[in-house]
Structure formats: structure tokens, C-alpha cells
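What follows is a set of structures for review.
What follows is a pair of complexes built around chain A, which joins chain B in one and chain C in the other.
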Partner chain A sequence: MGTISWDEFKAFAQSFLTVSDEINDGWAWQGDQDQLAGAFIAKKIKQLLRKQRSLPAEDETDPFEDTSCQTEDNHIAEELNGSQQECTWEYHILYSPSYATPVLFFNVFTSDGHLVPLESLWKGGTQGALQHLRWEALSQQEHPVLRRPYYYLHPCKTAELLNLHQGSSTNPIVTWLSSMGPAIGLHLDIAYGHLVQNQR
Partner chain B sequence: MSDSPGTPVETPENVDTAEAPAESIPPEPSSPASVADRPNETNKHKIDILLKATGNAPIMKQKKWTVEKDKKIGSIIEFIKKYLKLEPSESLFLYVNQAFAPAPDQIVRNLYDCYGSDGKLVLHYCKSQAWG
Partner chain C sequence: MTDDSALKYSPFSSHVDPSFWHKLSQIKLDIDKLDEKVHPVWGSYTNVNTVGLPSLHVDCTSYNSKFEELRYQLPAFGCQLNLNTLESYKSSDKTILLEKQGASLWADIANGSVLKNPALLSRFFLLTFGDLKKYTFYYWFAFLAPSTPNVQIIKPPALISTIFSSAQVESLQSEWSNIVDVYQRSYFIVKIQGDQAKIFPLSDIVSIFKAQCEEQWAEFYLAFADPCSSGDAPGWPLRNLLCVLAHYCPHVVGKKINVLSLRLVLKSHGQVNAADKSLLMSVQLLPHNETELKWVGWERNNRGKFGPRFVDVSGDMDPKKRAESAVHLNLKLMKWRLLPEMDLDTVQNTRCLLMGAGTLGCTVARLLMGWGVQHITFVDNGTVSFSNPVRQSLFTFEDCLSGGRPKAEAAAEALKLIFPGVITSGVTLNIPMPGHPVGDSMLKETQDAVATLEKLVEDHDVVFMLTDSRESRWLPTLLAGAKKKLAMNAALGFDTYLVMRHGVFCDDETPPDFNARSIPGRHLGCYFCNDVTAPGNSMADRTLDQQCTVTRPGVSAVAGALVVELMVSVLQHPSKGDAPAVLHKSTGKEDQESVGCLLGTVPHSIRGFLASWDQLTPATHRFSNCIACSEKVLKEYASRGFDFIRDVLNSAVYLEDLTGLTSLHKETENADVWEFSDSEEEENNSE
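Take a look at the complex of A and B:
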């Protein structure tokens, strides 16, 4: 029913890496592959974080939520008011033993090393989907391998999505990642599409 | 003497051999045969796409559409969402091969080059609350 085992995950991830190596996409293994869910594939890129549509008025219409109560949290960047900013994006594809599906963890830092706040990510989603779903879709959790806080996309419905494509997809990681990724700025090259090509 | 009757016989043979090289492949293999096959030749800058529903997605009354070659996948997704009157919170995914979702800024021509056949590109769409 759309779920995969750890060994299957490793095999699918490995063929994913084969394509990545061919087109120099930069994905690589990290961690201990002999341990259940102890390894993941990762990629780090620099790209712009942009707001989907400049929701105007956001600053003006809310005079009460003003500077007086701004806590100086040095670890989190202020909400990005500029239209675009170059950020470092770290994407990790892990295996979730409880859901038996792949799961995406990621972090986004501004160029001066601040973590980009969740609010900016909700707004920056390219499909607008995150903006409506908010906590249902994206929140922060301890990275199961690195033991540090990371953002992650909730895997509850991943199996359902993969189930839809059962039989047609030969690599569930590609199917799932190509569907979910764009919402958080991860666009898969068209070359990955060949991994799921049906044998005709 | 013997030469003169021989010449008219040879001439048709010569013509035949001269025509033989015409079999060689035309110099423009890039021109897609599919475009010429289509009755409507005005659509050279357009591609036929076929939209098919999977999973619980509602079907569309009109399945075959003609879009411009440099149309982005993202705008096709938006179009389908509007056509099917989806809620803003619902996500719609578009797949080639039923299994790969091209990036929203990918253009139709690139997909057609890789995955098109018989003069059209088949795209499957599914509606999914793939979040949370």
C-alpha cells in the first residue's frame, strides 16, 4: 500500500544517486547505511527565497503587532521583507520507519547564517499549498540522524500518494519528491523522469 | 550500329539508378513528423496535450487541449485547478508517465521531446491532500 522497506529505500535512493551523478546534481549519502534508517541522501544548494505574491498590507494593516514586542532572537532571521534573498538550502531525504515511506527534512539559512523562519517558508511555497495548510504540512522537528532541529514535511499522506502511483512508478522516491519538492523550492531535473519510465 | 539501339534501353536504367539515392534520409530529422500529420497545420507552435485523471481526481469533460510550446507546467496546473473548481487548500499534481511530476517552471516542449508520442503529450493529474 505505497510503503517501502528500508532496503528498498536504499536501493531506490541509490538509483536516484546514479542520475544525480550523471547530471552533477550533488546528492550524496550521509550516515550509516547498515543501521535501520541510519543514513540519508543530502544536497545543499544556494537559491533565492522568494515570496509567492507580495502580500501587501501585511506590515501596514497590523499596527498592533509592532516592534515593541519583538523579541531579539538571534538564531532566527527576521521575517524577510525584501522580495528575494539568497539562501542556503539543505535537503535531506530520510527513511521513516514508522510510516515506511521517505520523508523530507530541510533547513534554510540566510547568507549571514540565520535560520529562515517557518512563516517565510509558508509564504514562499511555489504552489501556495503550504500557505493554507501551515502546521498541517510543515513544521520543525529533531532530525532523526543528526539530532538537530530541522524543518520537515509531514509524511502522513506520503503512502497515500505513493499508493496512487503503485504499478506505474518504478521509483517511489522520484515520484514523491517530484510532487512534494516544488513546494519548498526543490525542483527535480527532467532527467530523473527516466527512472520512472515504463518499459514499453 | 549496335550502339544506337542500345542507348534507348539504357536510358531508363540510368534514370532508375539516378532516382535511387532519393531514399536517403532528408536532412532535417528534427522536424517532427507529428506536426505534419495533424490536419491543422497552423498549430506549429502548439502541442496537443491529453489530460487524464488518476486516483480521486474528478475527470474533465474536455480531455484534449492544445497549448503553446513554451507554456509552463505551473500554469497548466493552475488552469486545471480553476477548471475543476478546486479549493485553494487542495493540491493538484501533474505527472508524465504517471510517476514523475515535472517542476512547475518546466515548459511543455521539453516534456514533449522526452515523453511525447503520437503527436501528443499525455499528462495524468491527481488531486491529493498529500500534506499532513
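Take a look at the complex of A and C:
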């Protein structure tokens, strides 16, 4: 056991969102909730990384540079975070109809809309726990709703995990996400804890 | 005016969601086509819980007609011009483009539209060129702002809490949160009255700042939602806001204006200190001439230059690349999850030559692709016939029409349809066979065929023998042996199969140890080693049912799968083709030799019998009198080349004489002790 229906998923996700709204955690519904597994809850986190690109040498010319645009403008403040590169981590919690469990899809992209390859994430070592996942359940798939490639944590072990907490968890999404999420940089706020408090 | 007192703004930095490129491509391909259209696009930014640079986002919802309202996201009005060619991108006059956008923003300011809809002040322009075949984009954002009025700081930015009481800050935060209309949230006016902060819409700017005396607006703050999270510099939106003030209330020029930059750090409901990071400052506008307004705002690229940014998203969007990475990821998962030591690269870089594009050839090719093998070449002499597609998984009914397409070519094309990343081709030729005499008319063609095959074997790493007759395997066996390539063999009977790897010879002259428990690859036999007759014309005396494939349909799939898996096991063994084959399965505990490679043992051959569902894995030594792989044959080929081959083709007994089989036959006749089961003969009728 440890499985849930689509309607249950929606209800659990909804109470999850209620907490998210209270603490401004940024989760929101996307997609069509009237369709089986047609909607999911999503969140984005911006992360600063050290810039990998080295600055061009002074004499290096940019073939596309347009100096005519360089209108005298001395009203621009110096960039504070100039040496850092920004990455966005995007997390989606979907419902897997075949496993009848929640399933986590995610992507990491730079500010130009380029996906960061999994290998770089591993090499980067910014998410140490990600290392462990490479042996387990991480792969790339077409997002079932958005039809674009996303990384995802395979749900084959989710039901098993949820089964362990059967009866003690009143919100399987929280139980599951709090154990899987940290591996990919997703840490749940303690406020979600009251959703899984033992009601026995 | 010293530089220090001039007000400076933190510029926006652009953030493009991957979905924006997907949507842009779709719109270009399906709707715009060759039109160089200007599209209105939505951008969004926020002043709540911001991290890093003040950023303006675009994503797939940017093209929606209505702004996609997400919590605390503020709308920005943009225009996107998507150009058709890189040349027009380069040659377009960026200054004129920006002036045009500026004129439109100025019109909105001058005609009062921005007073009704202040969000119109958050304005950007996006110039793009996308190479939709390569999935690369050039893009350049401009966050529009007028170059004047110049503004001087009177009172430098200070944290709001140093001036406002906490009750006032709290009141400000809740008043702002209560603004229902998202278009009124970016620019507004704040008044402090006792403990209360009161918010007025931007449209009140004229009535509030109409007074001639600055004392009368001393309690008012010109306010904006600031996308900038840190530092003293207010965010870019303030620039346009001050321009509006200068236009509607020109008399404020030179006077003190209070400015409020609203920055929120919201962690929970009812949090009281969320607006603590907001800034207060006082500034003074300097006179400027509206008719000479210039527009600025082009974003610098990653190199710090005024020029477009470039992004290659082919890895995420090009379906061919996606297929490739998906195939490889799938295999890597096997490595990651189960076999960390697995050497996938060797498998994927192995160039495979498939002799035969029939039931076995089709199955083997598909499975090789499953393993990520990128280089597959077919050799076949036939055309696709109507009986083929149901058994030969690379063909369809269409391939049979108009006489049938050449099999090798059709198979290669089918592979590309399945996986475009594969490097494949089909070579249509007759494999010269012993006992099929070559007349003068065929001499040239035969010579060419041999030369082609020699080149093909040379250019590949593994030769698969998957043809439908025994004698067609002779030349490939000889060539693979001579060039020391791994040869893999699969042959079918009606309900039996033989899958084997040939020995890969090395120059080591050490004689085999016949008492050892295993046989190293260099001493393993070939397909012909267990036969004591040279291959003749097996087609000559056969009935139609014997010439065609008469096997249970599943047999070829089983044998095709085993021959591929056996190759992979050989390649995973540290000794590769020299991997030892165990003679007798160990009865006791497994030692290193019997374990083989990380995938398990590496047998010499696998013989299967569907009638009894049995499978054996016998191993045999190289036969010193073998007509295909013995020293004598290889030496003869090395010294005489095609002349030797022609002699073999012309006479079936030539090989038997050469290798000493003839005398062996005589000896055995005399001894009269050996009996040969004719079950071996079933393999002759194979495909």
C-alpha cells in the first residue's frame, strides 16, 4: 500500500499549498485539475553560483557588439553580484497514475534559459546529497503535462516509503518530500510539520 | 554636481525561462512564419523575497493576452521583435529601434495612460533572432528608461526602520498587500499620518505634487516596488517614475522629493518586519528638456559588452539530441544503479559489421542500438520480399513493393528512422562462397566484392555472421581471423540455435593447455572448427523449404539477443577477445576465472534447443586443420590474397587438401570409430 488516488493527491496538495501560502513558500498550482494527473504544484528557487565564465580579455572584440548603443549613461549602479551566476531550480510535484504516488520533476537552468546538465550538477557538488541519488532513482523524462525534458525522481520506491509511514502520516506529500527533497536542494520548512502530525 | 551625489539605479537583469524558447519557436514556426512581427510580451518581476540581481522574467506565459497573475509578481509590458536572419539582426539599427520604443512609452506618459495603468511604466524591448534548426538564439533586452532628468541625492538611501516607526512600517506593508489591482502595485504614493501609512494611486500625483511649496508634500513619498534586494541603489523602475513626476509637475524640479523603495522579505503570515529592508531617500530633479529625451536601457551581455546574448538550447530542444541523450541516460542509469564499473564507452564506440540483414540482422541491429552502439553497417545481397516484414523487424510492407528494396539499404534507413543519431549504411553485395565457382564473367565483380569486404572488416571492430548459409560465413570468418577482429556468429535450425564468438588470435605461439579448466580467447575455435568438411554449395541439392528459412519465428530473436549480449560480455571482460571460456561449469565455489566479466561468464558458444528448452555453453579449441581459421589457411591468404580465395571458390576440395582434412578423412575411414551426428547439419539451413 502507500498509494493515493488523484483526488486524494489534490486534497493533500491543497493543504500543502495552504501552508505554503501562510509562510510564502511560493508553491502554486499549474495545469488542469479536472484532468487525471493534469495538474501539479510548482515552485522556483533562485540560487547564486560562482560564475564559471572568465571575463574576456580587454582587447577581445565581440562580433555583435554595438557601440552605438553605448549612450552616455552614468546612472547605472555597479552590479553587486557581478561575480555570481544565477541558477533557477524549478520543482514540480506531479501525480503518477501508474504508481498512484506523488512524483517529483525538476530542472535547473541558467538565466538564459539553458538547462544545466545533470553531470555538471554532480560535478558542481553544490548539492552533495545528489551524489547518492545517481545510483538510485534519478533520470530524465518528458514532463507529462508540459512535454518538455525534466529530471525526475523515479516513483518506484515512493509507495514503499509511504507505506513505512502508513498511519503515522496524515499528508503523504509532506512525508515523501521531506525525505526525498533535500537530495535535490529542496528543504521543507518546519511549518509543514503540522500536516503530518500523528492524529492517533 | 559631484558624481557621488548623482542618483544611480540598479539595472534589471534578464531571466529567460526555458519554456520561453519553446514557445517562441512554436510561434515562429506555426504562426509568424516569415513575418518579422512585433509581439507584445509580458515580463514579470517582484519586490518580495528577491535573491541576487533585480531580475525581469519571461516565460511561455509571456505571450498570453492576459498577464499571468502569480503571487507578488508584478507585470512589465514588453515588445518583442523577432528577426528572420542573423544579417538583419546585425544590421538593424538598435538606436532607432530603442527610440521607437521610447516614443511609444513617452506617448503613454504624455497622454496619461500611465496614470490610469502605472504598470505601463515597467517597459522593456526584446530583440531576438532564433536559428530554429540549430536551436540557438540571439537575444537582447532593453529595459527602457529616459536618460534624463538627472537626479541628485539630497538625503542618501536609508533603511526605512531608521526613520519610520515599526507601526508605520507594518501599516505600509499591510496597506500595500491590500492593493487588489496588480497594475497599481508597482508605482504609488505613500503618506504617513501618525502610526498609519496611507497609499494613494499614482493618478493622484498631480493633485499631491501640485503645491508650489515642498513643505506641502513633505509627508508624501513617491513609492515603487523595488526589484532590487540589496545595496543602496534603488531599482530601475524609479527612473521612469521620476520622469513622470517631472512631466506632470515640472515645478518640483530643484525641490526635495521623498522616495520610498518598497522591498519585502516575507516569510510568514502576519509577519511584522517584512518591509524592514525598504529604503527611504530624498532627491532633487535637475532641469531637462523633454523634447530632447534620449532612451537608454540596453542590457550588457555576459561579456560586459553592449551586444546580444547567445544561448544554445539544442540539448533541451533538438529532438535528435534529446533522443541521443535519452538513450545514453537510460544506459547510464544501468551503470549508475547496478554496475558502476561498466564500460559503456567501449560498447558504444564499437563499430559493428553485420553480414546479413535478415531476421537475425534486424534483431541484432536493434539490440546494438539498445546498447548505444553508434556505428552499424549491413551487408546483404537480397531485396525485401513479402514474407520478410513479419519476421524481420526493420522492414515494412512498403519495402516489398516494386520488386522490393535492397535489404542492406532499407535496414540502414530504418535504423535512422528509429534513431537518427546512428551512423549506418547498407552495402549490397554477394559474399563470395567456397564451392561457388567464379567464371570469367564474374571475376571482376567477385574481386571487387572481396576487396570491399576486406575494407569493411578492416574498418570495423566486430564482424557479425548472420547470413542464411554456412558457406557464406567462410570468407568473413577468414577475414576477421586474418585481421584479428572479434567475430560473432549466430546460426539457426528449426528449433535450435548456435551463438558463438570466434577466437581472436594473437601472435603468441604458446601451445594450448588441453588440461586447463578454461580456454583463452586466442585458442578458441571458429564456426568451422568442429566441421571436418569444407563448405560446398549447400543450396544446390535442396528443396525449396530447405533453402528458405524454416525456423520457429522466436528462434532468431533468441539467438539475435544472445549474440549481442555475448559481444557485450566479451567487451566488458578486461581481456576483451582473449577472454577465457570455461570448459566445464565449476561445481564448487566460483573462482575468478569462472566469474568472467562484471556481467558474468563469457562462454565460447551457446547452443539452445527449443524442443526441450535446454541451453548448453560448450567451449572448444581452435582446430589445427580448420578450413577457415587454421594457421595454414591464414598463411595462404596472407601470401596469395585473392588468388587463394579464387581457388577456394572454384573448388570445394581445395581447402580440404590444403588443411589436411583429406588425409584426416582417410585416417578416420580406416579407423572407423568416429560417428558424426547429423544434427549439426541443421545449422546449415540458417538465417
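To be clear about the criterion, the second predicted complex is superposed on the first by the 144 of 200 C-alpha atoms of A that agree within 3 Å, B and C clash if a C-alpha of one lies under 4 Å from a C-alpha of the other, contacts with A are read in each partner's own complex, and residues count from 1 in each chain.
In the analysis below, a residue touches a chain if its C-beta (ideal position, glycine included) is under 8 Å from a C-beta of that chain, and two chains touch if they have at least 3 such contacts.
Fair warning: this is a prediction, and the values are worked out from it, not measured in the lab.
Undergrad: A:18 in the overlay: touching chain B, chain C, both, or neither? Say first, second, both or neither.
TA: It touches nothing on chain B or chain C.
Undergrad: Please indicate which partner A:197 is in contact with in the superposed arrangement: first for chain B, second for chain C, both, or neither.
TA: Once the two structures are laid over each other on A, A:197 reaches chain B alone.
Undergrad: Is A:164 touching the first partner chain B, the second partner chain C, both, or neither of them?
TA: First partner only.
Undergrad: Comparing chain C with chain B, which touches more residues belonging to chain A?
TA: C
Undergrad: A:35 contacts which: chain B (first), chain C (second), both, neither?
TA: Touch partners of A:35: none, neither chain B nor chain C.
Undergrad: If we overlay the two complexes on their shared chain A, which of chain B and chain C does A:112 touch? Say first, second, both or neither.
TA: second
Undergrad: Under the stated touch criterion, which partner chain does A:187 make contact with: chain B (first), chain C (second), both, or neither?
TA: first
Undergrad: Name the contact category of A:46: first (chain B only), second (chain C only), both, or neither.
TA: After superposing on A, A:46 lies in contact with chain C but is clear of chain B.
Undergrad: Which parts of chain A are touched by chain B and by chain C alike?
TA: 135-136
Undergrad: Could you pull out which chain B residues touch chain A in their complex?
TA: Touching chain A: residues 54-55, 74, 77, 88-89, 91, 93, 95-106, 110-111, 114-115, 126, 128-132 of chain B.
Undergrad: Note which residues of chain C are touching chain A in the complex, please.
TA: Contact set of chain C toward chain A: 3, 6-11, 13-22, 48-49, 51-53, 55, 70-71, 90, 93-95, 98, 138, 147, 150-151, 230-231, 233, 239, 266-269, 294, 296, 298, 301-313, 315-316, 322, 325-326, 329-330, 333, 336-337, 340.
Undergrad: Could you list, by residue number, the parts of chain A that touch chain C in their complex?
TA: These residues of chain A touch chain C: 21-24, 26, 28, 46-48, 53, 55-56, 60, 62, 64-77, 79-81, 84, 86, 88, 107, 109, 111-115, 117-118, 134-136, 139-140, 146, 148-149, 191.
Undergrad: Write out the stretch or stretches of chain A touching chain B in their complex.
TA: So the residues of chain A in touch with chain B come to 126-130, 132-133, 135-138, 153-154, 156-158, 160-161, 164-165, 168-171, 174-175, 178-182, 187-188, 190, 192-198.
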